[in-house]
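Next, two complexes with chain A in common: one pairs it with chain B, the other with chain C.
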Partner chain A sequence: MKLPPGQYLTEDFPVLTAGPTPRVPTDTWEFVVVTEAGEKHRWSWAELMALPSEQPTVDLHCVTKWSKLGTSWQGVSLDVLLDGVDTAADYVMVHSYGGYTTNLPFEDLRNGQAWIAYRFDGEDLHPEHGGPARLLVPHLYLWKSAKWVRGLRLTDEDEPGFWESAGYHDYGDPWREQRYQGD
Partner chain B sequence: MDLFSDEYTDGNALAGPLRELFTVDMTSAVGRCVSCGGEGPVAGMKVYAQAPGLVARCPSCQEVLMRLVRGPSDAWLDLRGTMSLRIPMPPE
Partner chain C sequence: MARAAVSGGLNRRLAWHAARLAEVVEETPSARTLVFDVPDWPGHLPGQHVDVRLTAEDGYSTERSYSIATPADGTRVALTVQRVDDGEVSPYLTETLSPGDVIELRGPVGGWFVWRSADPAPVLLIAGGSGIVPLMAMIRARREAGSRALFRLIYSVRTPEDRFYADELRTRARDDMGLDVGYVYTRQAPEGWPTAPRRLSVADVNNGGWPPDFQPACFVCGPTAFVETVADILVALGHDPRRVKTERFGPTGS
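Presenting the complex of A and B:
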């Protein structure tokens, strides 16, 4: 077993949140991708459920230094969702219900690296862990895996999100220990 | 314990971290919210501390008033949600 530098192993699943936990009913939930040209692509909950899903088992690394290994999820790959989206964007701003944002390069959402996850450990994803659905992008620190995900805005320019504008690293690779700006 | 309780505390949780940055007690400073215009002491903010940094929210409208991130050798203070902070001072 190998952990990224500075991390320790935990068996439980700590709950971190920057604000009140949104309760988003699935009958009003939607996921929206807006391209750099302003083109919108929307999925209702039923439409998300109708897409082919995957069951990735991944390691999670939180910037507060805990790591949780071998977590089991179910969700739709971003490769599926972005398949019909016409874009040449280089960056993405992820938006959540409740107002949270986080930014990352567009390429980090492609090629089997990211999912819209709605089940954890065989159960529907609890609101405290980001349900009904969260972004899961486990090769970056967990603040990039936005809970209560609502949509993606595809952009040509990189902009800092909620934590990235308050001292945290723009990219957040746990294996390079990119915790803070300048790391 | 309610599994889904929102775990926040009051703004007195900011006393120590802000004491690192300012030489006066900031918990009695009165902030004005950019979002709703509401006024109140720092001690009355809703502080979410189970996070990568401290997030202080307006008790009226829930918008973010202050973010404080403490790295090993730097602190970042984001006050864009606070229009002003009225800080009690000793008489000149």
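Presenting the complex of A and C:
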């Protein structure tokens, strides 16, 4: 078993959040993708549930040093959601209920690397861990897997999100230990 | 792949610094404050934390994060560490590390859970257990900066002997104008305490805090379950979630 540098293994699922946990009812929940041309694509909860889902098993690496291996999720691949979206954007700003944001390159959401996840370990995703749905992009530090996700804004330019504006790395690759700006 | 530089980003890497233990203060039977001398320390804001790296003789190394207990003070960096019995790092820091020993520190880390002394808004600090540490840095910084921002601290601890900084908080509650300090005891209260031991409740936050109309800056730090409960209470009382900053530590069962 190999862990990224500076990480330790945990069996728990700790929580890192900057503020109170938002409670988002699924009857008003929606997920919106806005392209760089301003074109909007929306999914209600029922529409998300109707899409084909996957059950990825992935390792999680949090910038606060813990790693949790072999976690089981269920969600819709971003490849499915972005299939009909006409874009040439290079970057994405992820927006969450509660106001959280995080930025990442668009290509990191494609090709089986990212999901809108709504079940963890066989159960509906608990609000503490980002339910009803969170972004899951496990090859980056976990703050990029935005909890309570509500949409993506596709952009030509890279802009810092919430933690990225507070001193954390722009990209956040755990295997290159990109924790903080300048790493 | 080339990526545009993030605006406002500092590209200076946070370096590891050699930190020599200068002084030890016993806070409780299971916690102590470690004052390190870090010659090239860049300074920090109250509320920020550091990464600590320990390296064994065989080259094995491990890292943890700890909150800083004091405002910036030249080359001095003070951490208060609670011993976690089955922990890998805290038993070493609280029992073995001795003055003169050198470890590595990196920081300061975290630009969100910070109090800035120029901010005149009232402040509500709510600590669970060792979650008092970054909040104490804010209380100390307030006095040092001569800030008149009104501060209220609600400090939830298991027993009187688990309190960190008890004497200092007693003195400050008397001398630091505009600072109120209140306790909630969850397992055992001091003799003559008006209420039986219990968990922190809506009434404690309502009575010991500020009305939401005052738009206080709220800082909540403690174990995950504690912080979840307190943050939910603050939102239910009408505080703007964007003014409630949280720092959670420790595992969660869920």
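Quick note on the criterion: the second predicted complex is superposed on the first by the 183 of 183 C-alpha atoms of A that agree within 3 Å, B and C clash if a C-alpha of one lies under 4 Å from a C-alpha of the other, contacts with A are read in each partner's own complex, and residues count from 1 in each chain.
Convention: contacts are C-beta pairs under 8 Å (C-beta built on N, C-alpha and C of every residue); 3 or more make two chains touch, one makes a residue touch a chain.
Everything quoted here is computed from the prediction, not taken from an experiment.
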| item | value |
| --- | --- |
| Clash or fit, chain B versus chain C on superposed chain A | clash |
| Touching partner for A:P105 - first (chain B), second (chain C), both, neither | second |
| First (chain B), second (chain C), both or neither touched by A:W143 | first |
| Partner chain(s) touched by A:D158 [first = chain B, second = chain C, both, neither] | second |
| Which superposed partner A:G167 touches (first chain B, second chain C, both, neither) | both |
| First, second, both or neither for A:T10, with chain B first and chain C second | second |
| First (chain B), second (chain C), both or neither touched by A:P22 | second |
| When both partners are placed on the shared chain, which of chain B and chain C touches more of chain A | C |
| Stretch of chain C penetrating chain B in the combined three-chain arrangement, among 80-88, 170-178, 188-196 or 242-250 | 242-250 |
| Overlap of the chain B and chain C footprints on chain A, listed as residue numbers | 14-21, 64, 99, 126, 128, 162-163, 165-167, 180-181 |
| Contact footprint of chain A on chain C as seen in their complex | 1, 3-14, 51, 53, 62-65, 88, 109-113, 224, 228, 231-232, 234-235, 241-242, 244-246, 248-254 |
| List of chain A residues in touch with chain C within their complex | 6, 8, 10, 12-22, 64-65, 98-99, 103, 105, 107, 126, 128-129, 157-160, 162-167, 170-171, 180-183 |
| Partner chain B, residues of chain A touching it in the complex | 14-21, 63-64, 99, 126-128, 143, 162-163, 165-168, 179-181 |
| Interface residues, chain B side, partner chain A - complex | 3-4, 6-8, 48, 50-53, 55, 57, 62-64, 67-69, 71-72, 74-76, 78 |
